[in-house]
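Here it is, the structure, as structure tokens.
Order of writing sets the labels: A, B, C and D. Residues in every chain begin at 1.
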Amino acid sequence: MNAGADIATTTVTMVDALNLALRDSMTEDENVVVFGEDVGVLGGVFRVTSGLTETFGKDRCFDMPIAEAGIMGVAIGMTALGLRPVVEMQFDAFGYPAMEQMFSHLAKLRNRTEGRWPVPIVVRVPYGGGIGAVEHHSDSSEAYFAQTPGLKVYTPATVGDAYTLLREAIAQDDPVIFFEPKRLYWEKAELPVPEAAEAVPGRAVIRREGEDATLITYGPSLSVCLAAAKAAAAEGYDVGVIDLRSVVPFDEGTAADALARTGRGIVVHESAGYCGVGAEITARLTELCFDILEAPIQRVTGRDIPYPPPHLEHHHLPSVSRILDALADIL
Amino acid sequence: MNAGADIATTTVTMVDALNLALRDSMTEDENVVVFGEDVGVLGGVFRVTSGLTETFGKDRCFDMPIAEAGIMGVAIGMTALGLRPVVEMQFDAFGYPAMEQMFSHLAKLRNRTEGRWPVPIVVRVPYGGGIGAVEHHSDSSEAYFAQTPGLKVYTPATVGDAYTLLREAIAQDDPVIFFEPKRLYWEKAELPVPEAAEAVPGRAVIRREGEDATLITYGPSLSVCLAAAKAAAAEGYDVGVIDLRSVVPFDEGTAADALARTGRGIVVHESAGYCGVGAEITARLTELCFDILEAPIQRVTGRDIPYPPPHLEHHHLPSVSRILDALADIL
Amino acid sequence: MNDRTETTLDGYWTPPTALTLVALRNGLRAMIIGRRLDRQASNLAKQGYLTVYPSSLGQEACQVAAAQALGPDDWLFPTYRDSVAMFTHRIDPVKVLTMLRGDWHCGFDPKAHRCAPHSTPLATHCAHAVGLAMASVKKGEKRVAMALCGDGATSEGDFHEALNIAAVFKAPVVFFVQHNGYAISTPSRRQFRAKSLADKAIGYGIRGEKVDGNDFVATISVLRDAVEHARNGFGPVLVEARTYRVSPHTNADDPDRYRNRSEAEPWLEHDPIARLTEYLTAQGRLARDTLRDIEDAAEELAADLRRRVMIPPEADPARLFAHVYADPPPHLQEQRIAVLSEEYVA
Amino acid sequence: MNDRTETTLDGYWTPPTALTLVALRNGLRAMIIGRRLDRQASNLAKQGYLTVYPSSLGQEACQVAAAQALGPDDWLFPTYRDSVAMFTHRIDPVKVLTMLRGDWHCGFDPKAHRCAPHSTPLATHCAHAVGLAMASVKKGEKRVAMALCGDGATSEGDFHEALNIAAVFKAPVVFFVQHNGYAISTPSRRQFRAKSLADKAIGYGIRGEKVDGNDFVATISVLRDAVEHARNGFGPVLVEARTYRVSPHTNADDPDRYRNRSEAEPWLEHDPIARLTEYLTAQGRLARDTLRDIEDAAEELAADLRRRVMIPPEADPARLFAHVYADPPPHLQEQRIAVLSEEYVA
């Protein structure tokens, strides 16, 4: 079932790409194990782990009791004997019970033991809104993890990156909180999977070049930014878009280079703005580009409110019009 | 034992001031209850709740089993019948097990119920380092809470504010995460307590005027900033210091006014810098003062590492010399 | 720990305090109405009028008994699965469904109805029930809090902490576990290994009961006893009701991926509504007319529910900002103004 | 649940698999040495050479039995209180004390010693033990993991989740609770209401044992059985040892605020070292000389510990950055350079 290797081009969803990444990693390294709530025979509520139990057996992909802290703790313990667990938190907010395990152990164990006990764990977190889910099902908690030293934070915005970033997250020795934008799960792409493997984590990618202003974003907001850039083009503005791919590490070089050309930037993300990841990006890029900036870097983010109910979520989320408004302020 | 009312001037520590604030609030409103781990007959490991059980009875101040999520959940349930719990998390990192309760319920319940179920809870968190404590005992987690909509985040830097801010936190209807700088617990001040009640939360205070640059800080870092300002004065620089007192709400007006005069600012805090509170302050103030800034706002913060062991913590913490270095960069 | 399953799977358990005929008829009525509203809600979800709906089909005895075992000052702490309990607790069905419909998170006044919002984060509300119960004792009141949860939720640390704290403080709480065999796709044998969830009571030093959750008579009797035990200062009670989740986890779930349809058969044979109907009929206590009246009332309520849910809810963005804080910080006030002015523009 | 307290409080429990004389002498030796090192550590803390020290005075039977019940591939998951268990597990005392001394968080190689760093966040390491045990099974190994914790830690949700998961997977873990009567100032009656913590085993469907934790013979026998039970695929075991925390919580604690000194008396009469010494002496199995030899060895080790702890540890700031990540992000590399260059300046 190592499908990636011999298929030239195939149309897959992000769910498929993630599934394939898990399969390929599990095939390559028998220490990779996958577990969480309903990830076995059901294949996860989003089907990302579909068929893994069938292919690799119950030993390699299995259901756990509903105990997120316990799941995280078990994963940590397993690394002592060389396993490389990939765990799923069913929805973003349901990872909160595991925060003590993640902040006090996952993030710190390598450091505490001076590298003797690395914890190569990937925590997959379906995150964000825009899918009309009821309360507690649409949080975006990446900033909590981004500010925790010892953790890495990845988030793909494309089907290809979903594959590549997940593969890389599993392969490396640092713990990675892997944020999967739920509303992109069913996005499709033509994918010669192994060849798409150009995404280097920690390396942002320029999704659109632009001379007038730069949008800096990640995950679910990339498509909104691309749409905004297109709309701006119709109004005569040449707006570039940068996809960070990982929040930790943050590729400030790529972002700063783009900003240096345009002198104007907007950071866009879906999670709340106050003390969000956008604040860090803004502060760092301002420091790096202070003399070149023509206007203060703007932020277009989720509002500083609990995630709204489905009928109201569009008021919360960054939208093309909010980005255009912000562009109008600085252009 | 409502000691504050009739004492003219008395020398107290921050621990005493906090204890007095609890006493005065408990006397004034019988719905105020205090609980947590070892807060009863022991009076808390830092003695902040000393004597409360004796004075107010076991019904008003009591020990709980060691279950932080449960403690937080119990507090939330109590508010349905009008109680106003003040709970203690024994050390900052030991509040992590309660994060789901804090993020998914405490922060959201008023909003979910459209104001029908307010949750007037104060969570007291002894935080920060500098006291030579072993691992897991020196975290500063204010940014996690500052970025959670629905929560307020206070932190006193003086003995007087410890009293006033805690009183106000207990009196108001929003949940407040109240960060107490452990290393200031034994600071002393002359305190005509009720008269010192000038601290308005959400209102920053200028601790030192200065025309050349502005240090913006809170909690345990205030004294470091004041010392740095003094050292800078010796070198001929007139450096002002602003104490925010609360991170949510953030009094951007006071900070921006000061910055507008100096054109140069440094944000100083002890928690890790990456995605920390300083990023938000920097980003907002840059936006407000963009045209007036002579240099990018600098940040002097804890390093982005797990809190170090006692023998190495001084390399981590903001110090006078690090602040002076940052000043040298922008002056 | 008392086990009242054995005696009831094939017969009917005789309650220590006799249930009045009125109580049994009320139970039957609420079960029939509850099932009808539940079916209506499932349909509304399929048709897109609700975002999602977790049905409690087959669990009506538990749902109704939970609500009906409570006294007039007692509180209910339900989960997403417990809409029928909330209907029975006399909350307007439209307001119960608000969260699932997606116009707001909670549609009713929790204090007026003595009912917490549906809890989605599993087991977290168990501690809320304990807090309320402790506050009640402190205030010299005699309220009992009943926390509902599923078999899966018992694996969470929050469940344990709540039970233990309640035990230490002898808090008047009834923890009512509807053991319906599944947590989404995970069967209960992969959730815990004990013979019975009620066995956990021993480890907390509290009273534990196991009951046939498809037997209304047994379930309400056990719950009433539990409520009075708690109310009278004897401490919390853990009640496990063995039942079966006949429906998918929610309308979005596909149970064919993880269980055989035939598995449901014995449970359908023990359908709680059929059993109580049969019992009352056999005893000559249920006239055909009465049954038809109930069914008519159920139809009417279902039609009313459908009609009202189909009216598009108002979606005023001002609501988003109105109650985040009693006293909002300045940055939020700015955002509120921005959102509202966008509205005027649009 | 087996209760081995009653039989042992006044006598000595006869183990099912006879303990060899060597095992008993090893136990006594380790207890005497452990207590001496523990006292040395307490003194070093008072004198400021350690930041803090939580003594296990009076709990030596538990400490030593825990370590000595393990086989050569088994792992220990200790708390801050379990330094004596770690000494017995053959980790250099100076390295055990590194965390408490404050030069680094963990001073030894956990994998080489099959011992996790002391866990401070209560009960969190219980799940780590489960994970290790599950990995061992997956790898076809026969390792057992032993997680130590206190009575207070059993109130945490993490304790529950770990036991439940271990039960479901029949993971080879021994959860060993040293019930020493206190969690800092909180007596165990305010921590839980069950008659015995071992009763919790029933609710998890696993084996539970209660033992007199001041009786070395009983404790090591129960733990050995538990370890072999787990190793042989019968699932986890919960062992509660009833003992008493003779010392303050740590050297910084003042127990006079919350308990009467007289409370310790019956426990001091059941001192584990005195009991085993008496037992062996009464049986003619312990020569005066042997005892003196052990005591001499203990003195020597304590002196060595003192000497080595008093040498100021090196405090190289490069350590702060060396292992935060395998592959550090750029902002951290910058900080590393900044800190190191500050160093060169200073």
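In the analysis below, contacts are C-beta pairs under 8 Å (C-beta built on N, C-alpha and C of every residue); 3 or more make two chains touch, one makes a residue touch a chain.
Just so it is clear, the structure is predicted and the values come from calculations on it, not from any experiment.
Trainee: For chain A, which other chain has the most distant CA centre?
Mentor: With centres defined by C-alpha atoms, farthest from chain A sits D.
Trainee: Which chain pair shares more contacting C-beta pairs: A-C, or A-D?
Mentor: By number of C-beta pairs in contact, A-D is the larger.
Trainee: Can you give the whole-Å distance between the Cα centres of chain A and chain C?
Mentor: 36
Trainee: Distance-wise, how many Å sit between the C-alpha centres of chain B and chain C, to the nearest whole number?
Mentor: 40
Trainee: Report, in whole Å, the distance between the mean C-alpha point of chain A and the mean C-alpha point of chain B.
Mentor: Between these chains, centre-to-centre, one finds 32 Å.
Trainee: Identify all positions of chain B at which a residue touches two or more other chains, and write them in rising order.
Mentor: Within chain B, residues 65, 67, 69-70, 93, 96-97, 100, 104, 108, 111-112, 135-136, 149-150, 248, 274, 284, 303-306 contact more than one other chain.
Trainee: Where in chain D do residues touch two or more of the other chains?
Mentor: In chain D, the residues touching two or more other chains are 104-105, 121, 155-158, 160-161, 164-165, 168, 190-192, 319, 324, 331-332.
Trainee: If you look only at chain D, which of its residues touch chain C in the complex?
Mentor: Residues of chain D touching chain C: 155-161, 164-165, 167-168, 170, 190-195, 197, 199-206, 235.
Trainee: What part of chain B is in contact with chain D in the complex they form?
Mentor: Going through chain B, the ones touching chain D are 37-38, 40-43, 45, 63, 65-70, 93-94, 96-97, 132-137, 274, 303-306, 308-312, 315-316, 321-322.
Trainee: Under the definition above, what is the set of chain D residues touching chain B in their complex?
Mentor: 51-52, 99-100, 102-105, 120-122, 152-153, 155-158, 183-186, 190-192, 257-258, 313, 315, 317, 319-321, 324, 331-332, 335, 339, 342
Trainee: Which chain C residues qualify as touching chain B in the complex?
Mentor: Within the complex, chain C touches chain B at residues 75, 104-106, 109-111, 116-117, 121, 124-136, 138-139, 141, 143, 145, 157-158, 160-162, 164-165, 168, 319, 322-327, 329-332.
Trainee: Using the touch definition from the top, list the residues of chain B that touch chain C in their complex.
Mentor: Answer in residue numbers: 33, 59, 64-65, 67, 69-83, 97, 100-101, 104-105, 108-118, 149-150, 152, 172-174, 202, 248-253, 284.
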